[in-house]
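One structure is given below, represented as structure tokens, and several questions about it will come after.
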Amino acid sequence: MLFLLALLPLIGALAPALAIRWGRNAAAVAAGSTTLAALVVLASLTPGVFAGETVRASVPWIPALGLNASLFLDPLGLMFAGMILGIGLLVIIYARFYLAAADPMGRFFSYLLLFQGAMLGIVLSDNVLLLLIFWELTSLSSFLLIGFWRHSAEARQGARMALFVTGGGGLALIGGLLILGNIAGSYDLTVILQQRDVIQASPLYLPALLLILGGCFTKSAQFPFHFWLPHAMAAPTPVSAYLHSATMVKAGVFMLARLWPVLAGTETWFLIVATTGLATMVFAAWVALFKDDLKGLLAYSTISHLGFLTMLFGLGTPMAALAGVFHIINHATFKAALFLNAGIVDHEAGTRDLKHLGGLFGLMPIAGTLALIAGLSMAGVPPLNGFISKEMMLEEAAHTVWLGQPWVFPVLATMGALLSVAYSLRYIVHVYFGPRRDDYPKSPHDPGLGLWGPPALLTALVVVIGLAPATVAGPLVDRVAGAVTNGASPHVHLALWHGFKPALFMSVVAIAAGALALMMHGRLQRLFEAGRLPPAKALFDAGVAGAAALSRRGVDAVQNGSLQRAMAALIGTAVVLGFAGFLGAGYEPGDRPGVPASAAAVVGWIALVTATVLVVLFHRARYVSLIYIGIVGLIISLAFAHLSAPDLALTQISVEVVTILLMLLALNLLPKTTPAESRPWRRVRDGVVACAAGLGVGGAAWAVMTRPLDSISSYFWDNAYSGGGGTNVVNVILVDFRGFDTFGEIIVLGIAALGIFALLETVGTGASGRRVAAWKPDTVRSPEHHPMMLVVATRLLLPLAVAVGLYIFLRGHNQPGGGFIAGLVVSVAILMQYMASGYSFADQRLRADHHTLIGAGVLTAAATGLGSLLFGAPFLTSAFDYFHLPLIGEIELATAMLFDVGVALTVIGAVMLALAQLSRVAQSAEKAPPPETLEAMDVDPSRTPATPAREAGR
Amino acid sequence: MSAAVPYLLAAAVVMPAVMGAAILLTLRHRLRGSRLASLASCLALTAIAAALVAHASGGTIESYALGDWRAPFGIVLVLDRLSAMMLLLTAVLAFAVMIYAVATGIDRKGWHFHPLFQFQLLGLNGAFLTGDLFNLFVFFEVLLIASYGLLLHAQGAERLKVGVQYVVINLVGSTLFLVGVGLLYGVTGTLNMADLAVRVAAAPAGDQSLIAASALVLMTVFALKAAAAPLHFWLPGAYAATTGAVAALFAIMTKVGAYAIIRTGTLIFGADAGAAAFGVAPWLLPAGIATAFIGFIGLFAARSLRSMAAWSVLGSMGVLLAAVATFRVEAMGPSLYYVLHSTLAGAALFLVVDLIATRRGEQGDALTLAPRFCQAGILSGLFFLAAVGTIGLPPLSGFIGKLLILDGVRAAPAAAWIWATVLVTTLIGVLAFARAGSLIFWKSSTLEGEIPTRALRGRVMGVSAAAGLLACLALLSLLGGPVTAYADAAAAQLFDPGQYIAAVLGDKTGALR
Amino acid sequence: MTMEMLVASAIAVLTAAGVYLVLRARTFPVVLGLAFLSYAINLFLFAMGRLVINRPPIYDKAAEGYTDPLPQALVLTAIVIAFGMTAFVVVLALRTFLETGADHVDGREDAETGS
Amino acid sequence: MTFAVEILVAFLLVLGGAFILIGSWGLARLPSLMTRLHGPTKATTLGVGGCLIASMIYFPATGGAWSAHELLITIFLLLTAPISANMIAKSHLHRQGHGIDPNPADGIATGLPPAPGGADWATFHGAADDEAPLPAPARRPPGQG
Amino acid sequence: MNGPILTAALTFALACVSGAILLNLFRLVRGPTSGDRILAVDTLTINAIALIVVFGVAWKTQTYFEAALLLAMVAFVGTVAYCKFLLRGDIVE
Amino acid sequence: MIRRLLPHPALSVLVGLVWMLLANEFSMGALVLAAAVAVVVPLVTSRFWPDRPRIRFGPAVLDYLAIVLFDIIAANFQVAWIILTRRNRDLRARWLVVPLEVRSPEAITVLAGTISLTPGTVSTDVSADGHALLVHALDVADPEAEVARIKQRYEVRLLKVFR
């Protein structure tokens, strides 16, 4: 049942959005009937709760977090649920008639039900985490409701401000409740509420309290977090009536009441809560007196009454808590009635400005009467309900000593009551009485029943509770107060007449002086203007705008799109962390004997360092740097050869040349020099970072090389031949032991080629297309494209190089070589043709499609690996055997070699795709002739006539 | 079921590779065929991953010896709860993104989208499954090079500019990765992660400094991928400049970095690692906190919706990293839940933002006013939900995730810092999204006219893909119980590396050398 | 003088040169820097197997011992990957230059080099 | 290995080494690129050839396998060295002819003889390549463009 | 073990090649033209082949033969490419 | 059929020979493989060498090879001597123009290569019509005599080889 109760509005929220297809009434009926259904469910549970039973329902949700969908209904929850649903129903009826035809009513009711569901969730939750979810949901749904009139700037700003403040408070509440739950050892409210002593003794009590109060005070608009509430008045009036009288702002008070048993009663609680409440009550009442906007007046009055409630719960005495509970009911009735009344005035007269209102009583007697009654209740005038709870409050205040001062509370509470009387009377007098005006924007008269019915019902409650409090409200208040105080509340007979107590005296003073204050309104107004606080909205807006500007400036300054900065951060971090790691732990130098260096090695080192230094010094001359860097690659290949790594030497040699070709191809279209840009300090900084990085990596290499190695490699020794069928252990590792690495590696190569293709295929379009079209060579160029001798030589070299490639491939499993190197050798051989005879000549003759080669290569490798699955062995399991063939003799066939075929195909495909694509771009930049007009060589003496031919090269 | 597990494991890495190559080989010029193959592959991967999650949830760790060479000598794929979860996350994300890409036709805007996408999935799955540190490097490279291609997909000057930066910085990162791996091999003589764990734990005192240095260098690389401050510079520009679909897919990319930190940080450099034990924690914690603040401040300062989405990815990474940095089992489960959430939420936001941008005519994704556009109603709702998800408000999973993290880190010494970070950044996020949403949807409604919608692709399917991801967030929230139970169990597994080591090395640990 | 000294110092010099160059503002020197880093790291990774003269990891009855083959295999993989990456980044730099008219790493517009 | 073979191998090595050094010495000391070209193209090639032949003789003589593949490198070098030299000379001719990196020692700008019959040299005929642009070859991306 | 004469010859040859490489470096640094530098690199590569061959004899191994072979090929291709760039800017056209 | 299978018979021989040198072993298996390679490789690369030169195999080739080999070795000493002893300012570096009778590109290439390999001379360029070679000589007293020597010693012999 409880779940039904909580879920009805949430699920029902869909109904109006769907029902709006059938009209506004349908939407309203959908919303109203959902609420009514929930009310019925609540009513069915009420007898049990009144009988002292706590209705519970629980479903485990996230047990790991202690977040369970646990609901319970106790008298406090019952009271709030009743208010939420009851006033909700009235507001829905009212809104049906209040909203204009242009307003999207379906969405309005959906938002409203969403909010209603969230509110119900708060008051029904038996789990504080669940409660937090609903709490934040109220913030979100109220954001949507306040911003409902999206075209209005005030509505948008008000919605954002409300979301920011109440949402922010919600975040504090999260922190507070989590701490609370941790102290109590459970997030279940029922459990927490039993742990008063544990909680109050905990050192975390204060932070928890502060955070929780942060949530409560923001939600219930306590000073200094009150400023959002007046701006939330930009919402449609039904929303204001609902959210800002009975529900959302009361959520904060509800939390105070809910946690009262475990949090209240300490000096800290009293000092913070009661003081804040008192200050808010007086301050807001003072401001309310001077608000000319009806809803503004009501908003500050609401703030003041929330302060009133906060103060009562802050006092920490059971009696005060009881008064608080009672006033919650009373405030909800008269304030909702007044909000709805303000809506009627606005609706009928076309303005809410008190300066433009007055004398409406004659025009709108019904509304006027209702306002009169509700207003007097707000003023605390007998025999209305507001009077009774105010009396109780004053009585409590009268006995309160604040920091050793017995007068503070009584005086200020009286002051609050006085101002409350003043602004309430102002509402009544300045709207309904005084001279009738003729400048109303509209012609006011009493509205239809739909608009005055709901406030009339509420006003009836005001009167009935006032006249017979013990009968009407007594049982409820008694039980709720019992729930709030964990059974400690006194059983008080609610009555109009309390006898001659200080409160009566204070009340009389307040009413008399309040009336007086209204009469002196003009003079007080000047005083108010003089002592006015800076407008909160302006402050908030300026704050947000300032924060936005500041953060924007900060972000722009830090995130300036500089790669150099990012790079320096990365390398700097690595250097710092690397050294920090190294220096933070034990180190012992190794004892591995070094390998003596030959003179040749020293010369190689000199060559390497010379070439490196040359590149660094002259890197701005790009072409020459490429010549220098060739030396570096060469020396490294030699080093690999020298240090027992023939495969590496072969690979490095062949990769090197392809890389250089690639860079030369690119450099053709790039600027040939690098401008001098770095300032000296920048170069010094970079130099320092570079040296530190060099020292780190070189030092690490030194440290490792000088210590012995105990590696897994002996296994590769023992198994390469017997298990992998090869004598070149490196190759067996590549295609077998760690074939999966190689599988990934060729895919990397293939993807790189695809990426290159994608990048260059579109080079003729857009800005780059224009640049390519306008491209002019920036160097003087020889007229000869394809030198004869070169062409002839490469024709001979191609078959030889292909044979070499084949040879290197076939022996790879047993001797240095393998698919990758073979692929590169063949690629280089083909590239030689491209260089000598030209792109068009070579491309025409090379029938293989690069994409196909890559795809086929990867698929071959994958298929080789998958083949093993057919035999029930894992992916990439190899097989090999020796076969005896006639003539040829013993040969070995290994699946690993098929895998290597895949590698070679991919390599050839990738390299050729990249280089062909690059030269194609150069071709279009050159505006080169179509392929068929080009011969392999420019000068062909066997073809050219004996006469001089200057045009030979063209 | 468990008999199929080895095949499923192999399929998770082989199928995308084969699919990618096959599309390249046979379907290069056939759009419809490519799309079908791509979608089928994503769907199949989802099914495979779901089956693997179901298997892993039982708690056994599976080790698959590629090439039939036993660990630590060959390369193994290892399935534990964490890797299974990451696989499923990747597959679900990929499926939604692929639907979106096909629906909006972005796959036609350049070459080789589908092969690159499949190879990207290969890289991700390989990285999550591999049990070998060097192989992790290889798959990092696979996923990076594929991501370069995807990032630059459909090109344009802005994309190229950020592309250069993204590529170059990652290449330097790859170099650092090799420094770390190499150093670790040089000291321990092994590459298998389980074996590394054993050997690092047994390393002599004189080697500790080198191990610690390699650990931190590796962590630098992973932090770069995870975009932890101050290594985050590459992310906002790159993610904001690429296409919506790719950016959405990239929501998982930063998680790879986080995954690697978690994996190596608990397995190799975990509690038993001597001087290197949790050595990254004191660095990662402030970095995570800084990242969260930088991300959310950037979000607040952003000038466009796409860049908001990009910064929000950074912000959520910060929260995640701060939680991970506590290296406590009770914070790790929440972190894993948050990984799921933040990936899907980030992706959803990117898709929603892309939908909005493509409908707003010249205004695109700029935070400026524009007249009413097509599907504004539903998109405002989706944007609201995506924002709610991203910021971490109820009822979507972000709120649960944050509650979990707050609860999980509470016993950590830095709890107050993390709490403050999570709560304050959430508030900044609220403000930022409220401003943006109210501008784009509310304030813009004051303008007259309507933006014409010519040739708008993927009206229904595109929106459905985004909505589907948001529905996943709701589902994560609704199924919070089982999901957190799984995540907590995964965390427990991580903090008991003995299980992993035993599963990979068998009981012959250390006997083979 | 030992080979270890030569190799370690060479690694240091290559790394420093690479780092210095990748910190430059134009794509071309950055590419050169990446190449240097690649050289440095290949040598470094190789050195992790320790330095051994004339003991190639190939079965040979006459051989007295072998060097560690595993780092060699790793370096091979690393070389291939670095090659693919270098090719890609070279082309990317070119394409970006053609698209934006500048080869600044930040894509900054550049008066003198625009064609 | 017989003493005679050892002497032969040693001689070839010494000869090869000497030629290599002389070739590079020529490269270092001769006054201009064209003159420097003479050293490496000939002396170095021959020097390397000497070492290769030494190796070729050495392995069978020490009981190793029959080995002639060093011959392959020698042939390869003999095949490519003239082409390399030719290309370097051509590029030098071209650049000097156009006054790039001027290095007058070779007399290219001043003293280059004309080709017979009034024809120009292929690389350099006093004018830069300023040919008129021809239409760029067009290629459309199929299908998915 | 190699005899003393051969050892001496090997040492001499190694010294010559090393010296030659240093001379190549000198030309590389001095230039002055790009052609000089290309020539220096080309010569250095050829000298490297000699180095490999001599070491092969000294170590009695033929394992590095392919490296020498590839170097010969690569030196040629590299030199041609460098020159082609100077001549035409575009090395493949 | 044979022509189609062996587009360049001479090349096939060369490739087969190279393969045998590479394989570095003489066995039946190696021979068979060499034969296969000798057929396949020229076949797949034949498109890059569309018009093969016509070469007269026989003593002329051997004669040419022998004389070139001898010249290379002998004259290397001469160059070495110049490098070691001659002062730079005493060098008589000259540009020579060698008018050509040979017409086939292959023949000219061989001639130019020979000139470069033999001491004291480097082929620098070919004329735009391909009918003359530009040769740089390191140290030449009488340019005409040197040109005549080149033509007589090499070109005449080459004309016999290339038809």
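Just so it is clear, A, B, C, D, E and F label the chains in written order, and each chain counts residues from 1 on its own.
Throughout what follows, contacts are C-beta pairs under 8 Å (C-beta built on N, C-alpha and C of every residue); 3 or more make two chains touch, one makes a residue touch a chain.
The chain lineup, named per UniProt: B = Multisubunit potassium/proton antiporter, PhaD subunit; C = Multisubunit potassium/proton antiporter, PhaC subunit; D = Multisubunit potassium/proton antiporter, PhaG subunit; E = Multisubunit potassium/proton antiporter, PhaF subunit; F = Multisubunit potassium/proton antiporter, PhaE subunit.
As the structure is a computational prediction, the values presented were derived from the model and not from experiment.
Graph distance from chain B to chain E, where chains that touch are one step apart, equals 2. Contact with both chain C and chain E is made by A. Central chain (C-alpha centroid nearest the global protein C-alpha centroid): B.
Each of D-E and A-C has its own count of C-beta contacts, and the greater count is at A-C. Chain centres computed from CA atoms place A at the largest separation from chain F. Chain centres here are Cα averages; for chain E and chain F they lie 22 Å apart.
Rounded to whole angstrom, the centroid-to-centroid distance between chain A and chain E, based on C-alpha atoms, equals 60 Å.
A straight line joining the Cα centres of chain A and chain D is 65 Å long. One inter-chain figure worth recording: chain D and chain F are separated by 13 Å, centre to centre, where each centre is the mean of the chain's CA atoms. Looking at chain A, one finds that residues 561-563, 567, 571, 604, 642, 646, 667, 697, 700, 704-705, 709, 711-713, 716, 737-738, 741, 745, 748, 751-752, 755, 759, 761-762, 766-767, 777, 779, 781-782, 784, 788-790, 793, 796-797, 800, 804, 815-816, 918, 923, 926, 928, 939, 946-950, 952-953 touch two or more other chains. Residues of chain D in contact with at least two other chains: 18, 23, 25, 37, 39, 45, 65, 67, 69, 72, 76, 79-83, 86-87, 89-91, 94-95, 115, 117, 119-120, 122-125, 129, 141.
Residue positions 18, 22, 24, 112-113, 123, 126-131 of chain F are each in touch with at least two other chains.
Across the interface of their complex, chain D is touched by residues 2-3, 5-6, 8-10, 12-17, 19-21, 23-24, 26-27, 32-36, 38-40, 42-43, 46-47, 49-50, 53-54, 56-57, 60, 62, 65, 68-69, 72-73, 75-76, 79-80, 82-84, 86-88 of chain E. For chain F in complex with chain D, the residues that touch the partner chain are 18, 21-22, 24-26, 72-73, 75-76, 79-80, 83-84, 88, 91, 93, 95-97, 99, 112-120, 122-132, 134, 136, 138. Taken in their complex, chain F has these residues touching chain A: 11, 14-15, 18-19, 22-23, 27-29, 32-33, 37, 41-42, 44-45, 47-50, 100, 103-106, 108-109, 112-113, 123, 126-131. Within the complex, the chain D residues that touch chain A are 76, 79-80, 82-83, 86-87, 90-91, 94-95, 98, 100, 115, 117-120, 122-125, 127-129, 131, 133-137, 139, 141. Those residues of chain A lying in contact with chain D across their complex are 761-762, 764, 773, 777, 779-784, 787-790, 793, 796-797, 800, 840, 920, 923-924, 926-931, 938-939, 946-950, 952-954.
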